[in-house]
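Written out below as structure tokens is the structure these notes cover.
To keep things simple, chains are lettered A, B, C and D as they appear, and every chain counts its residues starting from 1.
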Amino acid sequence: MAHEPNNWGRFGLDDQRGTLNLLTPAVVLDALRSATTGEVLSLAMPIRGATSSPAPTTVPHLPGRPLPQHFMSVDGGDYAAGARPIGEGLRVADDALVVTHHGTTTHMDALCHMWSGDELYNGHPAARVRSYGATRCGIEHVGGVVARGVLFDVARHLGLDHLPADFRIPAELLQEIAEPGPGDVAVIRTGWPLVWQRSHEEYWSGQPGLSAEAGRWLAAHDVSVVASDNAAIGGLDARGLADEGLADDLHLILLHRHGIHLVEMLWLEELGERGRTEFVFVAAPLRIEGGTGSPITPLAIL
Amino acid sequence: MAHEPNNWGRFGLDDQRGTLNLLTPAVVLDALRSATTGEVLSLAMPIRGATSSPAPTTVPHLPGRPLPQHFMSVDGGDYAAGARPIGEGLRVADDALVVTHHGTTTHMDALCHMWSGDELYNGHPAARVRSYGATRCGIEHVGGVVARGVLFDVARHLGLDHLPADFRIPAELLQEIAEPGPGDVAVIRTGWPLVWQRSHEEYWSGQPGLSAEAGRWLAAHDVSVVASDNAAIGGLDARGLADEGLADDLHLILLHRHGIHLVEMLWLEELGERGRTEFVFVAAPLRIEGGTGSPITPLAIL
Amino acid sequence: MAHEPNNWGRFGLDDQRGTLNLLTPAVVLDALRSATTGEVLSLAMPIRGATSSPAPTTVPHLPGRPLPQHFMSVDGGDYAAGARPIGEGLRVADDALVVTHHGTTTHMDALCHMWSGDELYNGHPAARVRSYGATRCGIEHVGGVVARGVLFDVARHLGLDHLPADFRIPAELLQEIAEPGPGDVAVIRTGWPLVWQRSHEEYWSGQPGLSAEAGRWLAAHDVSVVASDNAAIGGLDARGLADEGLADDLHLILLHRHGIHLVEMLWLEELGERGRTEFVFVAAPLRIEGGTGSPITPLAIL
Amino acid sequence: MAHEPNNWGRFGLDDQRGTLNLLTPAVVLDALRSATTGEVLSLAMPIRGATSSPAPTTVPHLPGRPLPQHFMSVDGGDYAAGARPIGEGLRVADDALVVTHHGTTTHMDALCHMWSGDELYNGHPAARVRSYGATRCGIEHVGGVVARGVLFDVARHLGLDHLPADFRIPAELLQEIAEPGPGDVAVIRTGWPLVWQRSHEEYWSGQPGLSAEAGRWLAAHDVSVVASDNAAIGGLDARGLADEGLADDLHLILLHRHGIHLVEMLWLEELGERGRTEFVFVAAPLRIEGGTGSPITPLAIL
């Protein structure tokens, strides 16, 4: 089933108002049948950070982005130093998070995240994306994603630890691995996060990703979400930029023209080791009204 | 099956390292059978906020807590004002979130969030909860929660829109509604968020919640998570505090003594209307290393 | 000397690039002569805040604004809890600040903070004020302010602790107190912050401030800055808004039409007690590129 | 006059409560006499930053520190995109700042910033520095600094653009340039920020700074503040650390043992060009209660 680009009503999206799933109940019920062992894996990278700690630099991220900051507003150290407990003796630790998820951690992109011209996905005016948040196509419209996940472990398929930085995955390679159905979440494993531990510079020297043709192939299969362990679904060049033209830009093909949400910077190593192509994929972005995306912890139910 | 308090290995918790589910695969597989229609509901309240907008005050929260702040670092307004697109014409909207989830939005508490004395759940030293985050019992140890959810719609059971502020739910009332099994997520609906729209002052005048006895009853049934639409699982008095003694404090009973995670400030109105007692409950906290909790969007798969 | 409205070059502003004073050297030298005793007073309210502390609510602020958040990323409590010192034994406390200064603390407004139509002060296009910051009229253009301060202690002049909420200070009253010269900083004391301690509700019930006529009188005297202990220079009504029309709006009269910077939410109680009308006023905003303002600690050198 | 180390009452510090100057009125009056031309220079580096902008990386900073983030919560772009003005036509731009000043921008250190053992400056217990902020020796105790500044332009004195990374300034070199008096602010120019524009890697390869002996010489002259354009007053090695032992650590010598506040990461290029050794130094930290320091814009009045 090839779907119409820019068809806002696809998967019931306009009815969601943040409390419904991206997919219809029938698709969900069918997807749940993909669970066979009940093992649940987190597909998220850790979020680290504190003002005076070098910790944030130990997690893969794009250069130049503000890294997550995590603060404790009260903690066990305070009680060790003599802080008075609450009431009869209750002690509490509280925290706060400052996060700019694009490029720094596992996250989902909202449909308002990228576009060309003056219109977002499905003709919504880009001028409605303002400082108070997007009043069109914000991340809060994705109540949740419960769908069949299909793993395209391209690196393993080719017998590699990870794809080379300049590798652009052709459609045929995906086709050799699996054939996704409507509503499926296509999960692409490049193995690129493994490079981080070897060398930050190498991680930043470019990234492998989908070719434009592979993006169109996935869109033609009507997947609901494309998810990858790289930072931008498509590849990046040595300057950290997508180097395709507008027609071939992966964000524009998937997010802008077909309304397919993107999940980036996944951690897929345990999932890849399991050798399972099909599973249940679950993700639920924070309900940030007008958000351009959200940090998430996607789950794979095997 | 009554479980041992402070049994660290319960549900395989010590093996998780942030990539495994809170429950064992067999429990998960069984839980998935609770899905019958495939409808998916989000149980999260919206996250709103911007410096000069009154929006944050339109979402229920505890008084005096710093409200979420959501900033756009580039948006459609910038392009309307003449900002140059990227490359051939790519346009992007990016954002950032500052969030202190306890008391301001739907969130899950980590086992390090509350304790008495010098030890966290299961004897871990509270002194390991410091400014760089908790190196024991942080939220990253909850890879995900895929479990059977059992809705205790106490307000509806009593024919009320919402429970009164001073109502402390007795165990018998829970028992009249359902009997949860080991690993289940007990979801308690008080209806209290409905009060917010009528009056912020009334919302802050106290909150209904579980009685200590009901907390013990749930722990004795070995639930994995207790989740509620109120702010503190137990009730709050007019000063916004739990007024039970240490022995009867709901956070101490559940979180501290039994290692039962808590989810607070849920939005349960659509779920309550469906009239379903059993469903699949899915939640995956952000993998914040050392976090005392995480904002989340829990899903109910009906 | 009446100055030309919208004269960008006034006080050498366009030459500053953030490293020069708002006033010319001759005016500065002259201003320094106002110091007679050498006593230095801070005119700033405290900045308080932490996630789980009620502290922020103890400082006057406008309702609905996100309050300052102050986090310690490492502190003495961590060492009390066993954190390892740096090297041979060095210990450190570090912190972080999240601040949205307008309406929450003592701050200076940049010339880009308010306007009507499509042009900022002096005809600069408002479209240059975008998400990356203002490339015209940002706060970084105020290197510093070293000027003669003239205190208009209107409350004391009238024998009042503080002006009533609906009081709009007429020009004649200012004239009775002092006659400012070109480049002077006019400091207006209403005493309104004293109301905060009595009642937050009363503090929010309105605010006294300058009348439009008084604003024009100050502009005609060519002052460089108008500073006040109220929140908006002009008065506020019960809804927290300026209720003058566009022609009479104090921000438009001073900031927009005359390029006179504003300093709001000062703490003037000690200064008022000294009984000095003239002194040296010093303030230096943080050099936030493209900022709409900055939190500051102004000093009065008596 | 050699002053007593750990003499809390020095310069009237314990009486300040955040509203008085670091120095006594007589010292201030005397300092003001150093102004001869009235030129005012800002000594601050710019604060830049936005989520998706590479701007923050264009300002010198220590590696691994979270860089300042500056957000506009409403701006001219929003109006260009059709946002409705306030009332009859008022338009507003508002912003927010997230800043961790140590290591990222021009800032002043509080006396609670560094110590060894269990006591802060003057014997105050380090355990009072907790997550809610320091209740001893916080930055709010520095109401302001109005003092005579003495420029030690060591680079220019040696005929260099900047000192080499491994240069540790000996006391004799300072002595050749000037002899500071009690209460003076010693301003040390190394020229190191100039290296940033040539190469970030070189900037991070180490830093020149004061020798321990020079630190003791300044303390013996009873200066009130030591300020420098490097990041740590003392030098840094290739790993970005001070490599002196505890006895010779510059922060311990000055801040901890003598109660001398530190100002770091100054921009001294214009000041250096003026060729003036004496001037009025003014700085006023934000009144952050319990803060370990504050971003500041120091001014030099020539």
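One rule holds in what follows: a contact is a pair of C-beta atoms (placed from the backbone, for glycine too) under 8 Å apart; a residue touches a chain by one contact, two chains touch by 3 or more.
Note that the structure is a prediction, hence the values are computed from the model and not measured.
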item: B-D compared against A-B, more contacting pairs; value: A-B
item: Type of chain A:chain D copy interface by residue overlap (half), same or different; value: same
item: Centroid spacing, where centroids are CA-atom means, of chain A and chain D in whole angstrom; value: 41
item: Chain B and chain D: spacing of chain centres that average the CA atoms, whole Å; value: 43
item: Where chain A and chain B are represented by their mean Cα positions, the distance between them in whole Å; value: 23
item: Where chain B touches two or more other chains at once, by residue number; value: 50-53, 66, 69, 71-83, 92, 94-96, 98, 100, 102, 127-132
item: Graph class of chain-chain contacts, one of line, ring, star, complete, other; value: complete
item: Partner chain A, residues of chain D touching it in the complex; value: 49, 51-52, 54, 56-57, 64-67, 69, 72-75, 77-78, 81-83, 98, 100, 102, 127-132
item: Touching residues on chain B, where the partner in the complex is chain D; value: 50-53, 69, 71-83, 92, 94-96, 98, 131
item: Chain B residues touching chain A - in the complex, by the definition given at the top; value: 18-21, 23-30, 32, 35, 37-42, 44-48, 50, 53, 55, 66, 70-73, 75-77, 79-80, 85-102, 106, 112-118, 120, 125-134, 140, 143-144, 146, 241-242, 245-246, 249, 251-252, 267, 270, 280, 282-293, 295-299, 301-302
